[in-house]
Structure formats: C-alpha cells, structure tokens
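For clarity, chains are labelled A, B, C and D in written order, and residue numbers in each chain start from 1.
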Amino acid sequence: MRRRALAFALVAAAFAWPGAQAQTGTADGIAQYRALLADGNPAELWEAKGELLWKQKRGPKNVSLEGCDLGQGAGVVKGAFVELPRYFADTKRVQDLESRLLSCMEAQQGFNAAEIAATPFGRGEQLNLEALVAYVSAASRGMKFRLPQARAEERQMFEAGKRIFYFRAGPYDFSCASCHGEAGKRIRLQELPDLTRNPGDGVGYAAWPAYRLSSGELWGMQRRLNDCYRQQRFPFPGYASDATIALATFMGVKSQGSVSIAPSIKR
Amino acid sequence: MSDPMRIRAQVQGSGAVVRVLMSHEMETGLRKDAAGKTIPAWHITEIVAALNGQTVMTAQWGTAIAKNPFTQFTLKSAKAGDKISISWVDNRGDKRTDEAVVA
Amino acid sequence: MKTTRTTSLAIAALLAGCATAPMTPPELDQLTQGIMKASFREQGIATLDRLAQDELQQACSGEKPPSDAVAKRLEAAQLASVRWPADDVYLGDWREGEKLAQNGRGMTWSDPAGVPSGGNCYNCHQLAKAEISFGTIGPSLYQYGRLRGVSDPAAPASREMLRYTWGKLWNAKATNACSNMPRFGHAGVLSAGQIRDLMALLLDPASPVNAP
Amino acid sequence: MQTRREMMTRSAAVTLMLGAAGVLPAQAQSAWNKGAFEGKSIDDVIKGLGLAKPVESKDITFTAPDIAENGAVVPIAASTTLPGVKRIAFLVEKNPTTLAGVFEFSDAVETSVATRIKMAQTSNVLAVAILGDGKVLYAQKEVKVTLGGCGG
C-alpha cells in the first residue's frame, strides 16, 4: 500500500515538474510506466526465498542463520538494514549487509567467505546472498535510515567513503560524483540521485537493493556499486571490499532520516 | 527446482483480485551467451488458475511474456478462505503448482 | 584472497589504533589510499593502472573544485596538448557520428580489447530531436551548429567554431578543468576519425542536430 | 471456433489434473498453439488462432504505457464489459514473434487481465478480444520503447 502511495506521489510530482516543456511528455510517460509496475514487484520472489534461506540449516556446519547478529542482536532482522554499515566487534570491521552476511555464513555455517566473494554475481551462493539481502532489507521497509556514527571506525569509514566518492580516475575521468554530485540530472531518461546530500525517501541509497527490470535479477548494493564502477571504466571492486563499504557508509549517512523502500524496482 | 510463486488474492466487493508472480527465466531463444551460442528458448507455455479446485482461467504464453511473469485477474465471486491455485507448465515440461487463500 | 584479508586486517588495525583521537585529514587520505589499494583488482582490459591519477584528475577529486588559478593553469596545459587535425579536415560523416553518439560501449572490464568505443553522447546531451531518450548532465546540443551561425562549415567564418568544438571533443578539460566530460581524444577513447564524425553530427547543416 | 476453445480448456484442465497426479509426461504440450505463437505478423497470428478478421472496438479497454523505460518489461492490461468475450490475446506488431499470450476466461472471472510483456522495439500493441459467436474485436496502442542507462 505504502509503495503504491509513493508511486502515485511520484506520478503527481512528475506532472508538477516545472522543467522544460518539451520534456514533460516523456517524463509523464516514464512516470506512468513506473506507476503501472508499482504493484507486483518480482523482488517479492527473492524476499520469500531469502526468508526460507535464513531459517534453513545450511553449510558444512548445517545450521541456520538465525544466530547471525546483524547489529540488533542474534537473529534480529527487523531494523537491521537501516543501521548498516556499522562496526562489529567480532570481526573488528565496519560492515555492510552483504559483508556481514558473508561473515555469518563463514563463522556460523562454515562456508568459505572468500570463495563466495570471488563467485561472479548471479551464480552459486551469490544467488542465495541476493535472496538473503532482499529478505533482510524488506524487514526494514518503511523505516528510516539511522546509521550509527558513534565509533571512530564508523566516522573514519564515512570520511574514506567521501574521498572515494570524489576520486576521479580511469580513461573517462569519472568519479561517483560525475553522475551523482548534482540534483536534477539524468543519464538518458534515468534520473540520477544526488548522493552528496540526502536525496529523500525511497530515492538513491534508500531504493537499493532493487529488482532490475533490465536483467530480471535482484541487485544488492554490492552489485549496484560494482556496475557503477564498471561503467566508470574502473578496475573491479572486490565483493564486500572496504572501498564498497566505505562508499555505502558515506551514502547511508547522507541518507539519514530518509525512508527505505528496499527492495524496490528499477529500470 | 523452480522457486515458489507469490500469489495474493484479496477480497474486493463480492469478488477478489488475484495477483501472481512466478519465478521463471522466460528465455526467448533469440539471445546469445558470452561465447556467441544461442540460448535455447525456455518459457512457460500454459497457466491454469483454479478456485476451490474449479478451473476459472487458463492462458497460453509465448516467449514475449516478461521474465518472472506477473499476472492479475479478478474473480467475480469469492470469499475469505477460498482456495486459489495456480499451475504452470513450461516448454521443457517442468511444472509447478502453488496455492493461496483468499484474504 | 589471503592478501585481501591480511590487508583488510591491517586496515582494521589502523582504524582501531586511531580510535581515541580523530584522524587528521592526511591520515584519512592515507587510510583511503590503503582501502583503495586493497579493494580493487584487475579485470579484463580494466587494469589497475587506471587508478593512478594524473595531475588534473587529482586536482578535481575534492569535494570542492580547485582554485581559479589552479584551474587556469590546468586548462592551459590541457589546451597545449590538443592535437588538431593534421590535414585540416574537421568534419566527417554525421550518420556515423549519430551512431557513435548513441553508442555507450567501450573500455569497461566486460568489453573485449580492441573494439572501438562509442561516444556516449546521448547519455548526457540532447542532440537530434528524434531521440527522446537523452541525458541532461551536459547542455542540450540540439541545433548546435545553427545556433552558432555555422551555415557553411568550409567558410573561413566557421573556422573558430570548428576549432573550439574540436578542442571540446578532444579535451573538454582544456576549457573547463573539472568538466564532467571525458577527454575523448586526449585519453584515446575516440580516434581522430571518430571525432570528425561527431564534429559533423554537431556542425554539418545536413545533420539532424541542425534540422530546422 | 467453439470446439477449438472447448478443447483448449479441457486439455489445460487435464494438464493440471495429470500434473497433480504426477503422471504428466515431460513433453505434454498438447494445448499450446505452436503455429500461432510462431507467427511473425498479425495476419499469421489471426490465422494461427483460426479467427475472423478483427474489428477495432471502443468496448475493449486497453491499458499500456505511452513510453516503456525498459522494453524487457512492459505492463499491459485489457478488459471489457461486453458479454460473450471468451478470450483475450496480446499481440506486438514488431516483435520477432507477434503473439505474446492468450488468456481464456470462464464465467467465474471478469474478462479482465493484466500482465507484462517484452518488446523488442517501439511498436503497436494489440489487445484482441475473441467472442463466443466468432466475432473478433481489438484495441491498440503504440508503445515507445526507449534506450536507457549508460548503454555499456
């Protein structure tokens, strides 16, 4: 219901958009298209699968993930997503959802985290991670981001994330800020959230993970960032690497107070 | 093994709106893989929807139904607790049936 | 993998070690460099040397742009490196230019080596009117030549605009140090021939960009 | 016409029954209209489905977006309050194969359905309603398919 209301609000906003007249027809068309897709997000298929995987005894140790601490205490899923990345004393690292899930899969279920991190997206255990990410993020749907920044490690990751966000390199001179440093811009017809400030409820950081219509897959933030870096013409950021976690910390802190709609549905 | 469907059936007036999401590749048979080899068509061919065991709607699908298909239809007369079941068969002969209760 | 883990533990130690006093900006810069080094790996044609910044990239990597004086100096250096068409032929085929403008491929780790890159133009700019799917990171280039009074590209009066536009395409940083636009010629993304075709798309009166 | 439709319903029901009983053979595709689904034009499909020439009608309500942000997923819906409509087919004029799907309704459901289709390019999309008396009506709309993202 909430998602539907939001979709209609987006349509209304598109109609009220004071931009160039010539573009209004196109913008309305896209808003109408998105509104028609608002009900029935295939991400639900991943949420359901993820819930089963969370509770299922798996891995060499044959245990479920119900003992996994995502920051709210062992087994607590609700509210965990909107407070990640955060510092974890057991791993002595600031971790995002995906790196934390990997740690739990290794420590509790006996999986080899490095092996899973090296697995290409959409294969093997990466497929299960997608589903787990959908399930965990969905449990915080409608909640506001409130990443902890009390610890020095968390503040340092924010600062590192900011520096990485603005880091220009590669044959195209791109940084994250090239596309996400200014409000009201698009690539083709896709609006680009300004991630240097809070882009608002259900936008930008608050819209991922998401079901990607183009590939029909569920993308977590790790895959989103990975494909951004591919298009930036950068080398390959490791799955759950500190650079990706630092970036997530930067974007998450900038999005404090905005409402998560994850997993959402995206082009 | 195919993943379960998501079926939602909500009472609306004297009937009910049924929304179904299915997990399926719906491969067209026109795409090529990284090595340039054509990926064979793999898609749902038939759907059967039943209310309390009685067929109420059927469908035949080709390759142009989108991946992870979504379908919505409306039962003229249904009440909370009625059982709705959806079955699909694909061109490989894989099949799946899932059930939901009208709420 | 072992290396990655060791490095990330080293970073963790660095993080923990400085938990009492806030890190100074240089310490944070150092921390960031360590994180970058440990996080990226080579994939396909996307080699790690792509992370080595040149002076301009470094100067344009701050939250705020560099000072006017620094920007001016960088622009002058970039302008001096522009390679002008040796045979003085500035315009190619706008039809090829339109194809390049539509093409956003090239130089990613999923692209094979040796395949010519596209120009990515529609990703950021409006060009021909028929294409409604265009980005807005850059200004609209619809009517580019017309609005600048280029009715005959071969006329001497058009020469200044030809050179300005060539300079933009070859090295956008020559006129705007921290421009979001890639340095297509300078970085070897596009060949001189491809840039000629894009020049024609922008400046040929017969191009759909300049259709009345 | 009538016979074909009844056959389709029956065979689908049989498929379900056999499926439930676990005796469905791997290649049980009896009802699937291969000929119609392989059609490469509207005419091919109409012929493949054994239908009369379709007539445009305002009584068919057809919803599709003006612009599809992604041709891989295009939400469409068709409904009608006309009595006697037994089936609704969706056709995409410029797809490699024209017929996307055919929905067949019993009296227990409204003649109304929503689904999502793939479109290879900008094209007319048709909702074709097949009546019990053999009449065939349609509504159509052009859906623009745009190129999105960085395109890399």
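Basically, a contact is a pair of C-beta atoms (placed from the backbone, for glycine too) under 8 Å apart; a residue touches a chain by one contact, two chains touch by 3 or more.
Note that this is a predicted model, so its numbers are computed, not measured.
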item: Comparison of C-D and B-D by number of C-beta pairs in contact, larger one; value: B-D
item: Between chain B and chain C, centroid-to-centroid distance (C-alpha), Å; value: 46
item: Cα-centroid distance, chain B relative to chain D, in whole angstrom; value: 14
item: Intercentroid distance (Cα basis), chain C paired with chain A, Å; value: 27
item: Multi-chain contact sites of chain C, meaning residues that touch two or more partners; value: 108, 110, 122-123, 132-133
item: Chain D, residues touching no fewer than two other chains; value: 67, 72-75, 116, 144, 146-152
item: Interface hub residues of chain B, defined as touching at least two other chains; value: 66-67, 70, 72
item: Full enumeration of touching chain pairs; value: A-B, A-C, A-D, B-D, C-D
item: Chain D-facing residues of chain A, complex; value: 25-26, 28-30, 32-34, 36-37, 187-190, 213-214, 216, 230-231, 267
item: Chain A - residues contacting chain C, complex; value: 26, 92-94, 114-115, 117-118, 151-153, 155-157, 159-160, 162-164, 166-175, 178-179, 182, 184-189, 192, 196, 230-231, 233-238, 241-244, 246
item: In the complex with chain D, residue positions of chain B that touch it; value: 15, 26, 28, 30, 45-46, 48-51, 54-67, 69-77, 87, 89, 91-93, 95, 97
item: Residues of chain D defined as touching chain A within the complex; value: 63, 65-70, 72-75, 116, 144, 146-152
item: Sites on chain C touched by chain D in the complex; value: 102-106, 108, 110-111, 118, 120, 122-123, 132-133
